[in-house]
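Look at the two complexes coming up: chain A is in both, with chain B in one and chain C in the other.
Here is the complex of A and B:
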């Protein structure tokens, strides 16, 4: 690969920027609020207030105003406008947009440097986890004893819906967002993402959508669950309009991010970085991006139909008009199950990376690991109806969908084999990332095996709609994905900050969260087996003890997460210096200086072997 | 050390002039990007068509093209509601809405196909003659054709019949499921055409200002890929919705 930069004399600050010099997160909020108000005002006068749809029309226009205002305020429209008028960025302007010599301010702007975007994703993920976590604590507090005592049923259901969707958004970006942006381009030897401006666009559209999602709680809530089934979402208030707009924008953000990730891997690998030398994490993020590109358009159309039903009285899901909620359920779950693997695969791929480095061994069965991720992605598109076994939709398809769902256990089983095979007889370095990885392995076994139970139709008939299902997917999302995400954070934290994540606090956090997960969701399995329904603020005395244990467990998780937050903040500010390659790893991100230069490499690297050639001589016989 | 302390101070970026990435690489990258974007759009259009075919397949309560109520439009909303509240409303009638105008659908598809052909021939001319100034009016023509498609699509949306039904002690506007699905399909076409018009205008301005030239023509090809896809999707959706529409 030849160098594409021409280096001339050094200079001070880049002179470019233009309007972007005045645009940042603050102006985005202000412009968003102003245009939201304009949308609200215009809609109130434009639409006939006697119509049943009036409040939904006003809410949708308000939400649209917010989105457009936010994007104008942050600078998302600058580049399309400049393209339109044929006024392309100069080198100076590109440098300005990349955040060159802007200090902290660049983290609050439409900055194109992939490393800045990666850090922004870290902050966004932590913020979303905080909001979702607070709602989880509110939910568990309500469930600590029978009866409604903390919030009423409607508020409880709103908490469930927003907790669910906020956590889904957080986990979708938890690994692929920070590390797919910060380290992935460096891993392939690229100087930035393929489309740096689209990179910033995907981040900031997600931020605008996240704000709107949280606002749902302030406009009447969303007492219909995060799946927003067509049969009941028709009766929801204007919170449903904000929710639907959030999803539409979120799917656009994900699509843009996926295109960027895939293009970067396909077209920007450095010389010698052949596909069979790609770090496994890069494979994971690319496969995830392909899956997202397939799955999220279904969600986009599902929610667009909701918006049309609510604002212009179409009949997609409205039974009285000939619509059917099965359509919504199909569109939703066509996205919904692949989405589980969009969340899971990046975390697993990061753990593959970590296992090899920490065990000082080559990754066990590299090609099989890639095959398993590809197979899992392909199969995930063929299992969506298992979420509808009890709905009455296409009962004759139950058998085939049961089989495809059970077949999924094969590639997920391979994940375990790869992880355990890599660790087996390795000189395992028990640092923080390793600890969280072991937590993942344990929890993923529990979550995975209980998933096989639920794929079985006779058992699913019994357990569907119970807390057993809730416990199962929390073992996957919290016990597995979150543990994987924290392991990835601990692993790559030194590359971002130049410092280790505090080992002592990190271990306290691990044990608290690990024990908390077993108490919370282990007891929840028992509640579900005894028949406790989901999405109910009150319950019978029969479930009293297991719910009490679950709530105590949740508080323990919260304590552990707060300690982790403290560890992150203190380590970022004054943690133990790590140097550029604290884990003595071989992949490219560890070969560049810390802090990483603006375009990553002083000279383009040439790759001669895969990154997993760790001291075979150290492996125990 | 905090995050502010680790701002990269790369020596590589001392230069402020002279950075030009190899256009061949940029072209290759953007081509992959546009194909992926088209891939996502294919899934989106497929999901919209799935919606159409699914609703037609289930034909819940026979409401695919028929509904009991009162025919009207937005301006008669208050009229029907007043009649309902005054108790003077006649018994509802079964209203068969029929299909939307196939002629208008094919006209939109035809305009899109012709505009794609115009752009394609313009691109060929640009590459052969290296005359970017001559390409600008071609892009304008392509854009105007898509704007004509926008107008036709808007007329189609306007013509979708509204039906008023009594639900939950009030009158509410509704659409049959056929009309609902068609609204999504025509709306999607309209959205795509607006995007094409934006791209056409951009190409026209850029070629007039020299940002596109005989040597720097690859952006035209990228736009053409998307333009051709929109034309294909327009023909496919029109073919499906004009040939598979009534239930019986």
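Here is the complex of A and C:
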């Protein structure tokens, strides 16, 4: 294909669209609420209200109604329906769906352009971080002194679960969502994703799932912890049904997104873009997508079983019916550990990309870096039971799972070698992305080393279930992944907006968040060492000082994140103009104009070498 | 080539590495001693030793990465205006890669051998343990001593004798954790899980729930005592022979 949709348009204004002209985020919510009400109303009358399962049946039907309504309202079914009745979309209509000449309105619609989807993911990630962040502040405020003062225990117990799940969702999409959609297709020389409509579908499905998740707080909460262990969640109210439905829907979204991403990388690469010339970020997102495709269906099954236990009295997890909570724990962690790498690998891959550009030096050990990411994702599928070392399940497997878990430190070590090796002897450009990258290196060491303690079973029998674990994975998720995500945002921000992210505010934000992380989670390690369990709404006087420091640190993180938000908003509107290639980088996304035109390239690019040829001879085609 | 490949001084890098390693080793020994509660069993002592050993091993590795990062920030930072020129293109360094892989593999194998050895030691049993039946329910622990009719909410165990906890739950999953013994296992409804350890110091111990179990999870604690064998027999016979 050498002509773009734009060039084949028969008029300046696309004439197509039809029903889609009247559909957007607002109509999706309206339709979702209406069908949720219909589901609620029908279920109340359809099912026998004397049954123990009645409220769960009603809640599940309500959530299902919301989902279907949201899909109809946003326009997800328009094109498939037309195809089904033999009246397929015209060129003009496809152009309309791609958001052609619709200004800002296209960001609130079922738009197929991958760049619009990328921006929608930025907004979604920031919204989720805001919700999760507010909950985090409420949690830390409750824990500032012993006793329960600020929120009561029941509310606190819900907050920790929703904080956990919202933040996990936010971080799963934080890098792979915005940049896997906005820059990845351009990086491989494609005009869009392989399945543009599925791209919009996965984004909006995730948005509707996020609404469902937050609604849990309004329907009785989820006072069970985010791992929703079988026995305790059996006691939870309809909030648990909404949570389980959220996960079912979320899995649909990640599956669709992963298939789309993998297909794009395999089939849509431009001429000369061989696999050993692929930018490392593309490798990272593709490996992540493969891992997500493997991991999340376990979550789907885990929560589907829970829905069935609750609505139709199966007993997968109910001990009195012959079931076992260990089944839920196994399914959950079969997803739960690979998920950590679904979150981590895109951030690391983005930092690899950034390190080469900022050091003005080729990426160090490109192929070893790919090998490490592949090894890491492969191993991550074989370590899940280390989350169950102290559960009492299969003690004989403790040794084998300890081996697989600790072997992971070898590919993880490669990440440091690649990053430090690339920067070493470079001409390091100390801009915002570089600064956040150094923060990542610092925090990831702390998170990584403390992980080795937890993989050692005799030591895990002391530290499991304590604040030490919480501190460990927050050093990974906040200290490492969030730092990587912010570096990626600062790096690709000029491509999205044509402007730099404000350097001065960005630096204030960096130092606040960096210091805040050390205080909050550094002190949290000490709380854990002293023996403070996780998920406690109150604690004894022994943990007073370390908790106080953690709370102050959390407020400092919040201040830093608010400054970053301010920097994003002001820079987006009137930041310093950057031009199309502000970092003088070689990969394809920097060679197209900013703003990037619809379908990206006027002519398909031809690739002759990888994008890391700093200081090397140019290969002419 | 924008930069020459002349040998540059790494003195500052080695100094930083050395100083950070010393600081790391000091922290590795001091922090656990300062913050971990008093360990009163063989497993508890092993946990503390393992924690210190792993920290000491990690100190030079982490310090090496930190020293390299600091060195880059100092020596490789571009101080000019505008876009920095390209640096010398170094794509591979087989010697470094092999060294790095060897060191991380050796460390991993050491950590594994140590851990598997400790695990085997922890799993070995004397054959004549004192059995304590532990029952968790929302939100209280109960300890029963088979062979007697003693049921208590406080845990009493004699020192220098292996004790086996047989743990179960009446409702949801709880986490039975004897903080000062360094052992824990989940209390699952309908299942009995076991864990054993040998107390080696007299004094008060704390039992906590480490698996989220609902409203009052934060308050599901119990007090315990490690006493001499004669005190233990005296306590057993002083208890009401109820239940």
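Please note the rule applied: the second predicted complex is superposed on the first by the 605 of 621 C-alpha atoms of A that agree within 3 Å, B and C clash if a C-alpha of one lies under 4 Å from a C-alpha of the other, contacts with A are read in each partner's own complex, and residues count from 1 in each chain.
Throughout what follows, a contact is a pair of C-beta atoms (placed from the backbone, for glycine too) under 8 Å apart; a residue touches a chain by one contact, two chains touch by 3 or more.
All values reported here derive from a predicted model rather than from experimental measurement.
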item: First, second, both or neither for A:330, with chain B first and chain C second; value: first
item: Partner chain(s) touched by A:224 [first = chain B, second = chain C, both, neither]; value: second
item: Touching partner for A:320 - first (chain B), second (chain C), both, neither; value: both
item: Touching partner for A:45 - first (chain B), second (chain C), both, neither; value: neither
item: Contacts of A:399 with chain B and chain C, given as first, second, both or neither; value: second
item: Partner chain in contact with A:359 - chain B first, chain C second, else both or neither; value: second
item: Chain A positions touched by chain B in one structure and by chain C in the second; value: 319-320, 324, 326
item: Chain B-facing residues of chain A, complex; value: 2, 4-11, 14-15, 48, 50-53, 83-88, 91-92, 94-95, 100-104, 106-107, 115, 119, 194-195, 255, 258-260, 262-263, 266-268, 293-294, 296-298, 300-302, 304-305, 308-309, 312-316, 318-324, 326-327, 330-331, 334, 497-499, 572-574, 577, 594-599, 602
item: Sites on chain A touched by chain C in the complex; value: 153-154, 157, 223-225, 229-232, 234-235, 319-320, 324-326, 359-366, 368, 390-392, 395, 398-399, 402-403, 406-407, 409-410, 413-414, 416-417, 420-421, 423-430, 438, 441-442, 445-446, 449, 452-453, 455-459, 461-462, 464-466, 526, 529-531, 533-539, 583-584, 612-616
item: Of all residues in chain C, those that touch chain A in their complex; value: 1-3, 8, 31-32, 35-37, 43-44, 46-47, 50-51, 54-55, 58, 61-62, 65-66, 68-69, 72-73, 76-78, 83-93, 96-97, 100-101, 104-105, 107-108, 111-112, 114-116, 118-119, 122-123, 167, 169, 171-173, 175, 177, 179, 182-186, 188-191, 193, 195, 206, 208-219
item: Sites on chain B touched by chain A in the complex; value: 1-4, 6-22, 25, 28-29, 32-33, 36-37, 39-41, 43-44, 46-48, 50-51, 54-55, 58-64, 67, 74, 77-78, 81, 162, 165, 167, 170, 172-177, 179-181, 183-184, 198, 201-202, 205-206, 208-212
